[in-house]
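Per-chain numbering from 1; labels A, B, C and D assigned in written order.
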Amino acid sequence: MERYEEIAEHVQNGYSEKARKAVEAALSEGCSPERILKEGLIAGMDVVAAKFKSGQMFLPEVLAVAGAMKAGMELVKPLLVAAKHQSLGKVVLGTVRGDMHDIGKNLVAIMLQGAGFDVVDLGTDVRVEKFLEAVEREHPDVVGMSALLTTTMVHMKTVIEALKQRELRTRVKVIIGGAPISRNFATEIGADGYARDAATAVDLVKELMNHAQQQ
Amino acid sequence: MRKRFTRLAFDADHLLFGVARTPLKRRNVIIGGGAVLPEIKFTLPPTNIEESAPGEIESVYAEIVTAVCERAVHLHQSSLVVEFELLPPMTLDPAMGEAITALLAGKLEEFRNSHGLQSLLRITPVDIREQYKPPLRRSGREMELLFESFRRCAAAGADLLSIESTGGKEVTDPSIMAADLRGILFGTAVLGCADMEYMWEAIVGIADESGTIAAGDTACGIGNTAMVLADQGYIPKVFAAVVRAITAVRSLVAYEIGAVGPGKDCGYENAILKAITGLPMSMEGKSAACAHLSPVGNIAGCYADLWSNESVQNVKLLSGMAPVISMEQLIYDCRLMNTSARNGESLRLRNWFAESDARLDPQAFILSPDVVVELGRVIVAESNDYQRGVAVGRKSVEILHQAFSQGELQLTDREQQWLERIGETASELPSDPNLFVDEEKVRWREHVKYAEYGMVDVPAETN
Amino acid sequence: MRKRFTRLAFDADHLLFGVARTPLKRRNVIIGGGAVLPEIKFTLPPTNIEESAPGEIESVYAEIVTAVCERAVHLHQSSLVVEFELLPPMTLDPAMGEAITALLAGKLEEFRNSHGLQSLLRITPVDIREQYKPPLRRSGREMELLFESFRRCAAAGADLLSIESTGGKEVTDPSIMAADLRGILFGTAVLGCADMEYMWEAIVGIADESGTIAAGDTACGIGNTAMVLADQGYIPKVFAAVVRAITAVRSLVAYEIGAVGPGKDCGYENAILKAITGLPMSMEGKSAACAHLSPVGNIAGCYADLWSNESVQNVKLLSGMAPVISMEQLIYDCRLMNTSARNGESLRLRNWFAESDARLDPQAFILSPDVVVELGRVIVAESNDYQRGVAVGRKSVEILHQAFSQGELQLTDREQQWLERIGETASELPSDPNLFVDEEKVRWREHVKYAEYGMVDVPAETN
Amino acid sequence: MERYEEIAEHVQNGYSEKARKAVEAALSEGCSPERILKEGLIAGMDVVAAKFKSGQMFLPEVLAVAGAMKAGMELVKPLLVAAKHQSLGKVVLGTVRGDMHDIGKNLVAIMLQGAGFDVVDLGTDVRVEKFLEAVEREHPDVVGMSALLTTTMVHMKTVIEALKQRELRTRVKVIIGGAPISRNFATEIGADGYARDAATAVDLVKELMNHAQQQ
């Protein structure tokens, strides 16, 4: 019990070295990797995510936290994989074709990882083919597209259409975001969701995962 | 060849909107000769450029430029500047950018003849050198296309050549998110300045050949990215303010190579550059809220020789198309500034602009006339770009610190803590540029191809 | 009971933005007590109200008001006014208007508690008495619904009650298109005033009962219709200017019955009304260009106690949603005005606002401080509405004439000719109200049901 | 020849009485009603329409001209009908449901009439049914809808859909206008055209009629 709290606290403070050591200690004491992950690492990150969302924390502070979490994760992950642990879910992210803006998308990636999701980041200027391949290869639960230009946001629709054509659309939830995107646009092109910022994006993905599980 | 500014063109009392030491005259338009003119910019509504019918994109641009010119005539505006900011496909395909430039120049010519509306056309190709990671800043085919785009637009009727160049961004992007001051300095004052020298030698050359004007650049890819992130609460505002001050070192290079203004609208560092160079500058503020929300809506007006809306989509609002609305707002803003100037009172209005914003946000405070002049002074006192960056970074921290202690600036507790933290980092910076560069080069070697900045590469293996 | 203003509250030198003789205080908001506050208004993007899912419309309003309040907090704005202008289905179904009012009032309350953002909510039901031709101004079911809408919105948390009433419009619409001055006078000063008396007795009653504020009306259905048509080149600007002056007679009635301001944003005649009544007024100008293009973008600011954007659709622009952008622009405009006031210099800024627009358009000229006071004076000198209308109409022609001859106002040849023509018609108007009314009643009998204005009907057969 | 010019001139000047007399004279001299209409009345109005379009004339002046034209028309029309003359075309106009703004629509009506079209004005707050009935009853060439509110413009689509369903859509061209309307919106809802003002609306109707005739 105490151990988990200790880990969570080091994570919250962004102390990578301390977090790593505490995880090591916990493992050697026989704590379960699942609980270290959930009650330690993710619990710590959750507090931070909430603070960040409510505007009480800055991104550079979150990045430090993410670093601490990663340090702990590196020890825990191999054990989890061995135990066939499943992550909260997998998200494929990318900025669409012709668009090089990636700060927003990177933030979404950071926050999703922090919340315990697996994220596959396809980078910027991602063409339709690459999104399709990634869906086939990675079997993600959610595909997230980002666009910052009025002349590239239109490619989001193309990707959704292509997913339909390849009969991949029902396998994944599609979410979109970026400065020119609105809820209306998301509905119009048949996306499953839109989020106006990274914190909301996490909530959105969680909600979509819940829905999917209920079905 | 690069010259170096070593003194200021303006002291704080003479640093006024509408007035440059060296006004720009071309056709019948004078920029910085006493009056502020509107600079209008617009972009496509959601559009698939590749799939649009031939001529469709052109017809939208024709429609927009006609509508804004009609509004200007209607409101008795006698001169204006139109900016055509090329979108990526229009730069990657220089013929496309050329065609739209020709069309816009033609429409402006029509209004010149039919209504006596005087105008200049600014073109701004996109910095397309970002297709690879790390980006190829010099050796890629994109660099060639970019220069070709400049050449063809210049031949097609452009008057002013600008770019929002992105050299150094592969370092500044992550540095902004991490509030990493050293990274900012390396990306901005070292890599950014190196890239600016290279880029602006070429642009000044193209301008000379084509009889057009090498206008100016902006470090908005650094400064405005930080501003937008600060606005969303992601990074401290004090950090964004210090970043802004440092970007002046980078943008200054264009004018040291031979650009003559008007500086590009979205570079708020233009305030400092105007104090240093005396060249005309374009600025944007509240009437550019359609493009960037900002904490500097009024104070930016202090330095405007052109007053811009930054950009707006061609969508319909209740009264008309959005670019027409922007045109109208800019004209009224300019009328007010010019009225105060006609009454010999621009200094007073400028001070109100400044006073109305400065105390509420460090990013606004840093743009106060006195501060701008102080920052300009520490920049011109140094002749090495890194040292300029360190000086202006330290000075801005010092000024913010002092303003806060004297009650001239509001800061939250968290902002104060960050200001301390940034101040510490700043005070620990080495004074020797070589030392700093060597350290940072290693740190960023996965992100940067140094040869692309004319620097010796650091092999990735060395660890 | 109607009182009549017989003297002016302000001379030209004391007629300033931010300052009313009788400021309005409610909750912690003061209007006209020295500072100008933003008034923000917004509307739905293209939406089918009837077919939208239950709660959908509400959620859009909730989203908008939250976003604008967040922006206000972000920019350190301490007080503001939000206007909810009901759309026709929301007035025809008073429960719907009530629900949205409650929602908006609730959100404002949240921001008051969580962020200390002080605010008032203005509600403006639509004048729905236009379903028949000729319209039923008193006897129709719509009149009942309209009053019910006021009552329910007042109970649901509204602070300020307003309307843009349309009495007399069945005559002014065709009169504007035909530039028919007699029709304008009949529709505005005779029918319009009669309707205002009836309407505002009721609204003041509702306000008293519910503890809310009877704020004010606007004759924008007359004045702004003329302005928009003049802007499109359909009717002479001098005509629209004279129409504007005459509308003051109509809108004044609300304050003579008991309304206490703030007058509604889109009534530019508020300038004259402020001089007469000393009550706080809402004005709109350049930052309302999203809703109305106009020739009075700066000069309107001279009289603002609230500064409004008039309205904007909730659509996404490059920086964010359009209402958020409006919020930001209004805040910066207010900051500037309030900074000049803090320096004891609002008169100077007001004069710049006026000077910057006045000479370029007769509709702006008519709003100059000196002119406004002169027009107010001739209105309060008369005690019959028709005679007030004649006096202010003639005076405005005279003033425009003089301004043109003295080179203070630009007019094209065609505008000059029209000014002469309007002047002639004005000089031939009978001085006896009864004579005028009898003549016009016959002329408009196909368009108007006089009983609906408390007047004796003219049988349609008589010819 | 001279007569026609005289008529045209009186029309241009907005002299109703003189125009009427000149038409009377022309008829008694045996001039053809068709030529009186085309070379006299419409020719006069055409000049005015062009001046109005280029901003050299105000609406009240045009209204006077329209009055003079009408005075002449009243004499000529019965003869034309007798001779089974066809007008340039027929346009049904209305402001859509829930919307009481009619100034813009009225202007369009005036300019179309001036250009020689028959106009049936359905007024304001026009429901779908009324548009459909009018199309069935009047057999217009063009249906024009006006809307000034963002919450009523959506009804334009409903009308177009209803026309399709009743299989009336191919019989008429549909044009739309009003402050919130854009070319994009027109394309989106499947209208045949959009015009930003009354003068352009006339050009648009002429163009659509030409197209229709060429087919």
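Basically, a contact is a pair of C-beta atoms (placed from the backbone, for glycine too) under 8 Å apart; a residue touches a chain by one contact, two chains touch by 3 or more.
As the structure is a prediction and not an experimental result, all values here were calculated from the model.
Touching subunit A and subunit D at once are the following chains: B, C.
The most distant chain from subunit D, with centres taken as the mean of CA atoms, is A.
Averaging Cα coordinates per chain places subunit B and subunit C 40 Å apart. Distance between subunit A and subunit C, defined via averaged C-alpha coordinates, is recorded as 51 Å. In terms of their C-alpha centroids, the spacing between subunit C and subunit D amounts to 34 Å. Those residues of subunit D in touch with two or more other chains are numbered 150, 180, 185. In subunit B, 43, 45, 313, 315, 318-320 are the positions where the chain touches two or more neighbouring chains simultaneously. If the chains shown are joined wherever they touch, the resulting network has some other arrangement, not a path, ring, star or complete graph.
According to the touch criterion at the top of this document, the contacting chain pairs are A-B, A-C, B-C, B-D, C-D.
Only residues 43-49, 87-89, 130-131, 133, 173, 176-180, 225, 229, 232-236, 313, 414, 418 of subunit C touch subunit D when the two sit together in their complex. Those residues of subunit B that touch subunit D in the shared complex are 45, 315-316, 318-321. Taken in their complex, subunit C has these residues touching subunit B: 43, 71, 74-76, 231, 285-287, 289-293, 295, 297-298, 311-313, 315, 317-320, 322, 324-325, 328-329, 331-333, 335-336, 338-340, 343, 345, 348-349, 352-353, 355-357, 360, 410. Contact residues of subunit A toward subunit C in the complex are 150, 179-182, 184-185. By the touch rule above, subunit A contacts subunit B in their complex via residues 55-56, 58-60, 63, 98-100, 102-103, 106-107, 123-125, 149-151, 153-155, 180, 185, 197.
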